[in-house]
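Okay, got some structures for you below.
You will see subunit A twice below: alongside subunit B first, and alongside subunit C after that.
After this line comes the complex of A and B, so read on.
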């Protein structure tokens, strides 16, 4: 059995967890510092672009249904190998940066909220070990883990979201677009780095088991995830108002408004801890994808765990030892806005076309696409 | 994989796990001074005197029932004072379970405490939802009344303000709401003013023991973290009536030489711009006969019952409510503070502008209409 095989349902659950896993840390305060109480609008627009791109990507999955080509083969056949490599380099940078930001945020959360401190390397070791284990076991194992924790994480997120609702005055969000529509739209684009969580799907394209529907489960997950993220963001800015930009750990702050947290102790810490599972899953998925990027960049197909590639990925996760997460966001992410846009938003729009072209070419040569991918990888290795 | 290799892997995993687990420096609960409440008073040289109600796990020699103790320290700043608490208790202070923050009268009447609110609102472990209030006299004296209250002062205060205040017609506040009020729009807000009220001691075994309870029916007003004034009972009642979140206000009425107490059980407050820069406020009260032990009641009492309320009484309540509400609104204009968020109503339409932020309360003419019905 292919260890990277994943059903559409598993993919949908995973996607929902990923949507919830990274939007509730420092993003709400960053958006609030950009556009104040209109941050929920900026987030809504970002999700709108995501929704369009996701539909195109799902369309590409449908086209690829029988051919089961991987992203490497599709790009090699449609845009040429050198361009494909450039795309994988950009993907690699995105995955590594996003993992670094998530790691830095959770590191801070442990140290500040839970008062548990350690050094970066010791913090990285268990995450790295888990990622290596996941890579060795394949994407299917990650998807099964996501299934296992799904209900608990969703209940925790809902509990954290519901507890402060009595404190929220939705009129705090008025007037709509006070910051100006232009600024809201620009922020939505400028902070796009935090979105398009569907990009992990590219790296399991050849393993997706399609039984019936593709669009319905994935779009349902997307809608639920987007709604939760936007609601949480709106609740956050409505509660903290003027101070929202100062609280960079939205999720750990939002739970304290439950009456129970005063009378029954800090049960918000319990729900917060469970929610953190989704953040760690997200990191593992991104590390898996970064590893796959290395595979595509060097043009190899690793049957077993490749320790050199693992080391390359792990070394990049030492970045926060030298620069802070804020510096990464203010420099690399800023400079990389356009290339990131290409793979986050332009590529999915073109994916149906690329997939169709690749499928057509592979059928024309009458050679199994998997074989093509493996042969091309071997050729590249040989070169 | 051979058995030897498997064994090696298992041993290596266990060793690494132990090494990593040992590298995470958490804090042992026994090494922590868990602070339940913080009182701030003014030091003679301008610094702060901090009184903390502390729970110290592991102090097994303490008397049964005395689960907390108060620690008083001085420091130039709150941070220094908290450090001093650590030094005094020999334990790291933990604010994660703190439920109340009290400012002593000498402190809040004489000091701009912006630094204090800024420190606490940015404190990572202190909950932003912590109850914040001020007190008559010093916070230290209040925290020393634990024995008289026969319970933790912090818990008594937080439960009174968090759980009960809004049910007896007294708005209550927390750290985040107060700090926001001091930094946004009119920059005015309020804190509940609490005091210790001694009561008669009928305990024959401990006749000298002071007993009492905490009174929390006064409200102090602040602008930009500076004291403005204290509302009297009538003004608090007016404020409460115009606050949508509180119920339980009582009205004493007289009919046929019998005193009748009516209590608000439900309320609907609507504020809307009148189109001329002012506001129209409509207050819809639903009342029923109150308990016979309601406050302010004197003379002949009526029992709590389900009888229909005489329309004359409803009219009387309407007039009383109108009077206290107008009295409070007049004070808002006189002292130029905005506890009812009139500025916010215009912000929702116009956004935050300098003109709005600087708009005095006299520029918000208010037309108030009170209606009363039986529940």
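After this line comes the complex of A and C, so read on.
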């Protein structure tokens, strides 16, 4: 069994969890500080861009369904090896930074909300150990874990959404686009670093088992995930109004005004804990992708966990020891906005073209080892 | 190696139960057997009597024809085979030219068929496997009256020469699984196989250190049920536990009586078992980390009760809970190894005297004892995995106590990743949930009525997915 093979269904469930994981930590307050109560609009625009890019990526997956080439092979054949390496370096930086931001946010959530204060290294060790363990077991095991937790996480998010509904004042969301459409669009672009969760798909391109449809399950997941994220963001702003920028741990603060929680206990925290599974899954997936980036950069294929590569990834997660999450967002992400946008939003648009080129070149090179493996993969699929 | 009387004689000469009988029935014959392994009546009826009254035997082939009264007559191909037959209770007959014939004169020693103590049912068959492989195969054949029931016979163990039978239904079971299992069993290099659980370790392809990967049952109806789903059954001589392969985690939640009850009741029971198992592993950890870190989650009145009860306890909540769990595990271990009469007294001493005294003395809080007991009872809903679950419970409690909710989440995820990664014989361990196989949910936690189960589980590779025809 190829331990990194996943079905489209598994991929779409995982994508839905990744869409929800991490979107309700500091992002709502950051967006609120940028555009006030129009933050949900900025989020909606970001998701619209995501949707277009996702469609193009899915098209590329369809083109690649028989060739089963990995992202390394596609980029090598279409844009040349040096350019491919540069793209992987940018990807590596994105994954590492996003994991760092997620880690920093959950670290803050645990210390502020759950009263578990510790130092960064002690916090990183269990998370890193879990990620390494999951990478060793393969992406398939991660996808199955997502499948198993899927229902629980979705129920917990819906419960988090429904429980504070009585406190929601929709008038807080009016007037629409008060900050101005231009500013909303700019924020949507400026904060794009937080979106484009589909980028993990690049690193499992060669292992996607396609039975019938690709578009339907992935786009359904995307629609549901985006809808839930936008709604929760709107609920957050509608509850806190002008104070929204001051509440940076959105999810844990949503139930704070519920009178019932004082006597009945903060049950929303239990649902919050279940939702945190999706955040940890997101971190694992991003660490997996960062590890794969190292693999592509050094031009190797690791059958077992390569300790040097995984150590490199883990070392980069010590970044918050030296720079705060805010500094990362305000400096590194700001400087890297253009290269990040290129791989997050331009590369997917070109992926069908690149994949077609790579498939064409691969077929032209007669009896290449990759073609042989692709043919045998096809035969195995038929069997 | 060539078979010869001299070699057999040299190997067993001097043993009290080694019997040699010289016969002349036209040619000189020697019959040898192990008295302790043979049935005297069979030796007399199938070997001695047919040869005692004739004097016109020409060759060993002639003897083979004349011994037609015995059903198990064969010519061992080599010395090892002859020794194997001999040690199993066959009588060997040699002519002057060391041609050999083995006649089945095995004695049946062992208990009679009874209801297995580990799988008692309210409804359904009460027959259980015994230690004798022949009887166990008979129990399978009795239920599968089809020529498609195939048995591959093997011998495993250098000194024990234990007979092993791999049983499957041709046309249902995927041949590759049979081949894999037979290949694995043939490659086993071990001094002895004293129980089927020895072989279970070898059949676990990935050598997992937590959770068993091979099913076992003491009931022939269950074994046949599993074979009808495409699994293979491995019967080992000397063991009442028949192994089944491939194995799914969900099988641990299924009880032998499930298929003889109303499906709604079965669904309810399985749901309770499922909840119990999860609660057993997570409840102590959640109790500790909620009490230590996140008491806000606990409803106010409940929190006041808990705090009042544990106010004077000299230990931290984590130490208190770990103590309760360890005491519970000690009691369980002691109970398992005690004769049943003493076991009841031990349970009483443990539950009433020890628990109550500890609470009265203020060493342990009543809520912790209650949670520990509830969790301990819950473990027994999955009796085959009690020890593993108990170990996981201790680990998760410790991590939860140290790291709070984050520890519980991370350790739970690690367990799930581990379980999700397991796949033997092309069967994912967590099927039909991860990967999700909707068709197979018909007999997972939920059970649909038997008439509606028209297809065999997809998670178990099979050659015929239709249950009928």
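Keep this in mind: the second predicted complex is superposed on the first by the 362 of 383 C-alpha atoms of A that agree within 3 Å, B and C clash if a C-alpha of one lies under 4 Å from a C-alpha of the other, contacts with A are read in each partner's own complex, and residues count from 1 in each chain.
To be clear about the criterion, contacts are C-beta pairs under 8 Å (C-beta built on N, C-alpha and C of every residue); 3 or more make two chains touch, one makes a residue touch a chain.
Small disclaimer: the values here were computed from a predicted structure and weren't measured.
Undergrad: For A:9 in the superposed arrangement: first (subunit B), second (subunit C), both or neither?
TA: A:9 contacts subunit C only, not subunit B.
Undergrad: Touch check for A:175: first (subunit B), second (subunit C), both, or neither?
TA: In the superposition, A:175 contacts subunit B only.
Undergrad: So, does A:305 touch the first partner subunit B, the second partner subunit C, both, or neither?
TA: neither
Undergrad: Is the number of subunit A residues in contact higher for subunit B or for subunit C?
TA: C
Undergrad: Quick check for you: in the superposed arrangement, does A:126 touch first (subunit B), second (subunit C), both or neither?
TA: The answer is both, since A:126 touches subunit B and subunit C.
Undergrad: By the touch definition at the top of the document, which applies to A:321: first (subunit B), second (subunit C), both, or neither?
TA: The answer is neither, since A:321 touches no partner chain.
Undergrad: Can A:52 be said to touch subunit B (first), subunit C (second), both, or neither?
TA: A:52 contacts neither subunit B nor subunit C.
Undergrad: Could you look at A:144 and tell me whether it touches subunit B, subunit C, both or neither (first, second, both, neither)?
TA: A:144 sits against subunit C, while subunit B stays out of touch.
Undergrad: Once the two structures are superposed, pull the subunit A residues common to the subunit B and subunit C interfaces.
TA: Touching subunit B in the first complex and subunit C in the second, residues 114-116, 118, 126, 129, 262-263, 265-266 of subunit A appear in both lists.
Undergrad: So in the complex, the part of subunit A that touches subunit C is made up of which residues?
TA: Its residues touching subunit C are 1, 3, 7, 9-10, 106, 110, 114-116, 118, 126-127, 129-130, 133-134, 137-138, 140-142, 144-145, 147-149, 262-267, 269-270, 273, 276-277, 280-281.
Undergrad: Can you tell me which positions in subunit B touch subunit A when the two form their complex?
TA: Residues 16, 20, 23-27, 94, 96-97, 99, 121-122, 124-125, 127-129, 158-159, 162-163, 176, 179-180, 183-184, 344, 347-352.
Undergrad: Which residues of subunit C touch subunit A in the complex?
TA: The contact residues of subunit C facing subunit A are 293-294, 296-303, 399, 403-410, 413-414, 416-418, 420-421, 423, 426, 428, 430, 433-436.
Undergrad: Touching subunit B in the complex: which residues of subunit A?
TA: Listed in rising order, the residues are 112-119, 122, 125-126, 129, 167, 171, 174-175, 178, 239-243, 246, 253, 256-257, 259, 261-263, 265-266.
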